[in-house]
Amino acid sequence: MKPSPLLRVAGLYKNFGGVQAIQDLSFDLAQGELLGLIGPNGSGKTTAVNLITGFVKPTEGEIIYRGQNISGLPPYKIIRRGIARTFQMVKPFYQLPAYKNMIIPLYSPRVKKMVGGKYGDRDAVALDLLEEVGFERDAFVAYKSASVLPQGYLKRLELAKAIALQPDLIILDELFSGLSLAEVASIVPIIEKLRLEGKTIIMIEHRLKELFRIADRIIVLNFGEKIAEGLSNEVMESDAVKKAYLGAEA
Amino acid sequence: MRNADLNSGGSKQRRKERIDRGIKARSSDVFALSSWREMLYLAAPRFIPIVGCLMLPLVLGIYWQKVLLSVAVFALLAISWDILEQSGMISLGQALFFGMGAYAAGVFNHYFGWSPLLTIPFASLLGGMICTVILLPVLRLRGIYFSMVTLIIPLMLVRIVEATKIFGGTEGLSGITPLPSKWLELYLIVGALLGALFGFRRMMGSDYGLVLKGINDNDRSVMNAGINIYWFKAQALFVASSIGAFTGAFMTHVYMFVGMPVFALDYSILPIAAAVVGGPGTMAGATLGAFILVPLSEILRGIGGLRIVIYGLFLVVFIVALPEGIFHYIQRKYHQFERWVEV
Amino acid sequence: MFVGTVVYAVINSVILALLAIGFNLTFGISGVANFAYGALYIFSAYLSWMLLNLIGLPFFLSAIISILITTLLGAMMYRFVLQRVRGQALSEVIATFGIGLAILELFQYLGFVGFEYTLPVFIDNSFMIFGAYVDMQRILIVIVGAALIIFLWFFTHHTSLGLAFRGIAQDERTALSLGINSDRIATLSVSFGAGLAAIAATIIIPLGSISPSEGYDVLIKALAVCIIGGLGSTGGVIVASFVIGFAERFTDSYISSHWTMIVSLAAILIVLSVKPSGLFGKQKELEERI
């Protein structure tokens, strides 16, 4: 008996004014999977994530998380149930140092509930979490103001903010964009570690080579529709995908 | 810590440099305990205002005591404004909170005969609740709606009271019981001011305050952390409006009267001017602004309506040219010194 | 009585629409909420009065000059004050508020209060419309109002400048990348709004007299209409004006004049609880602003 999926998206439609952003999107996501969501620009990947996390309400369809329909709930309620996401355009609180940026996710009621009782020192927890994503402790990087940090560290900060929420499902929206190969290579182990902890992950990416190395399954979107689903090599062989991806890197 | 302005004069290039004063560095963290001088450096900015405020009622004459009362009231309204501003809500209608509290206290006293010691706390909370409930719907919208609604509702309420003659209409409710003693009056409000100043400064500096400021900065990011930003905004609104209602309730008992003027634009404008001049973002700035502007307006009472013209101009000049306010300037001077350095 | 009320309700509605359209336009295009709107309205009225009575220019000329100068004042307001604080919500609100305050209170202080401060009606005549006496000025208001609104509709939908305006309103970033100069558009939008306020003042003030408190009243009415109709939507302004206009007039006729403001306030509170962004409001709730 296959265990029920952690996340099930069924018949999802989203219409923005005249633009059909998502058409009949359905897929299941099992616990512990790493799903890669790819597709050309404008294919609706971020919209799909916005729908799942409640930032946008679906026109039609259902999103079922842990057996419960979450479509239509406001984002804060969905996130409190254990879904966390990063944003494509990283916008930290620029005037604050990096570790102070972490205070806000650590203030989340979910974190209080999971860790229990009087939390204690959020600052210390923030510093620990940042160290885990690669903020070197002895260089005191975590104390630097977010306005001076380069993109690589900002991306890690964004990831740390998601991890801080103690989620079961993490959605990473183009985490690798803007990073050098070395930076990507150093972030991958962090993602692997999350998988070992049993977390389920969805990654939206354009950096396909790096994604294919770690993803279990791939879904390809184009113009809001799912045009392929399966293992990375299967998907890349498909004609529909080749047509959609004319000119994209592989 | 450092700030450099480039200024090339002649052949040698000079640059202005701002460095923390030695004493600031020496008094950071636990090292402050190492000497009396360091402890004094830290304690003075907190100690002097507290002692000063507590002593003032004793040394001032009757007229200036009334002014002090006014200063404290406007300082509290300015602090209330500042709390909202830091949370992303710009209120153009502090008079709404003031007036609600004023009428609530007046009604409790006039129709139910409650004593001031009962009406003031109840009116503060009730006034706060009513205002929060009225403004709840606009919390979901862009900030400008909050400003618009807070501006017009008190102005509309004035006209409504005038027209429907409710709660005394144009005459208002008079014969309100005063507070038991003049000293209680003064020390209650001064105490409230000091409590609010230090208490809410602490609140906004804590992690809770950080969440509020985060909502102002990037609300989507805070939403993304599983935090219900509307609930937080509502909390900030309740706190701020209760403070405003408190001042209104208090003044009802000082004047022994409540009427349409409690919703007057004056109560909305002066707190904003005080906060802007003193420095938005710090309660101390709002307080400082009140200490400057209220006595100034008393002194300038002779020139009548021109005062408000000046407030208006102050507002514009400060918000455009010196947005950090006077307090930040003083704070900077206290902690840092500037010098010219050759490059 | 009923017909008379309807007639006056229509007139009232057009007046409200005229008052609100300038504010709404400025906000809709450039996102600047010009809280000095009421002050600009009164300023243009006083300016016309001064040109007419102190310098002796014919009314028509005074009005035109006043409208132009007010428009210019709006542009200067943006250029010298608002441009420096563009994007910082707090500063924009406070700056316009402060300017409006200073202007209105200055007139109050200088003593420009009294019945002699009024503008002449264009044509002194009355008509019977559906059994109710209506003076020419009010008819003129309806005509000018309707014409202005139609013109604005046409302008924002069919001319390149108007479309640029709407582009900026919808998505500033994209508009900028298409080469539309945001500051220039914003200057134009503030001055347009100011000009519209001046035009409205020219034809509405003759119904009564000029006073600084009128400035606050105008601001209240414009804000009320915009809140109910939805900021940024011309259609919303029209519908809201009629809603409030009719509600006020019917309350006045059938209940009592004292209740009119309550009706307006109630309308605002109802709209806020049911559809906060206004009847035709395009402001999405915060979540949808991705």
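Going by the order they are written in, the chains are A, B and C; count residues from 1 in each one.
Keep in mind that, in the parts below, a contact is a pair of C-beta atoms (placed from the backbone, for glycine too) under 8 Å apart; a residue touches a chain by one contact, two chains touch by 3 or more.
The structure displayed is predicted, hence computed values, not measured ones.
When each chain is reduced to the average of its Cα atoms, A sits farthest from subunit B. The central chain here, found by comparing per-chain C-alpha centres with the mean of all protein C-alpha atoms, is B. Comparing chain pairs B-C and A-B by the number of C-beta pairs in contact, the larger count belongs to B-C.
Averaging Cα coordinates per chain places subunit A and subunit C 47 Å apart. Centres computed as Cα averages put subunit B at a distance of 32 Å from subunit C. Centroids built from CA atoms put subunit B at 42 Å from subunit A. Shared interface positions of subunit C, i.e. residues touching 2 or more other chains, are given as 287, 290.
Shared interface positions of subunit B, defined as residues touching 2 or more other chains, are 220, 223, 229. Contact with two or more other chains is made by residues 55, 74-75 of subunit A. Those residues of subunit A that touch subunit B in the shared complex are 53, 55, 74-76, 79-80, 84-85, 87, 91-93, 95-96, 100, 103-110, 122, 161, 165. By the touch criterion stated above, subunit C contacts subunit B in their complex at residues 27, 33, 35, 81, 84-85, 88-91, 93-95, 97-103, 105-106, 108-109, 216, 219-220, 223-224, 226-227, 231, 257-262, 264-265, 268-269, 272-273, 276-277, 283, 285-287, 289-290. Residue ranges on subunit B touching subunit A, taken from their complex, read 207-208, 210-211, 214, 217-218, 220-229.
Those residues of subunit B lying in contact with subunit C across their complex are 85, 90, 92, 134, 137-138, 140-145, 147-149, 151-153, 155-157, 159-160, 163-164, 219-220, 223, 229, 265, 269, 272, 276, 280, 304-306, 308-309, 311-316, 319-320, 323.
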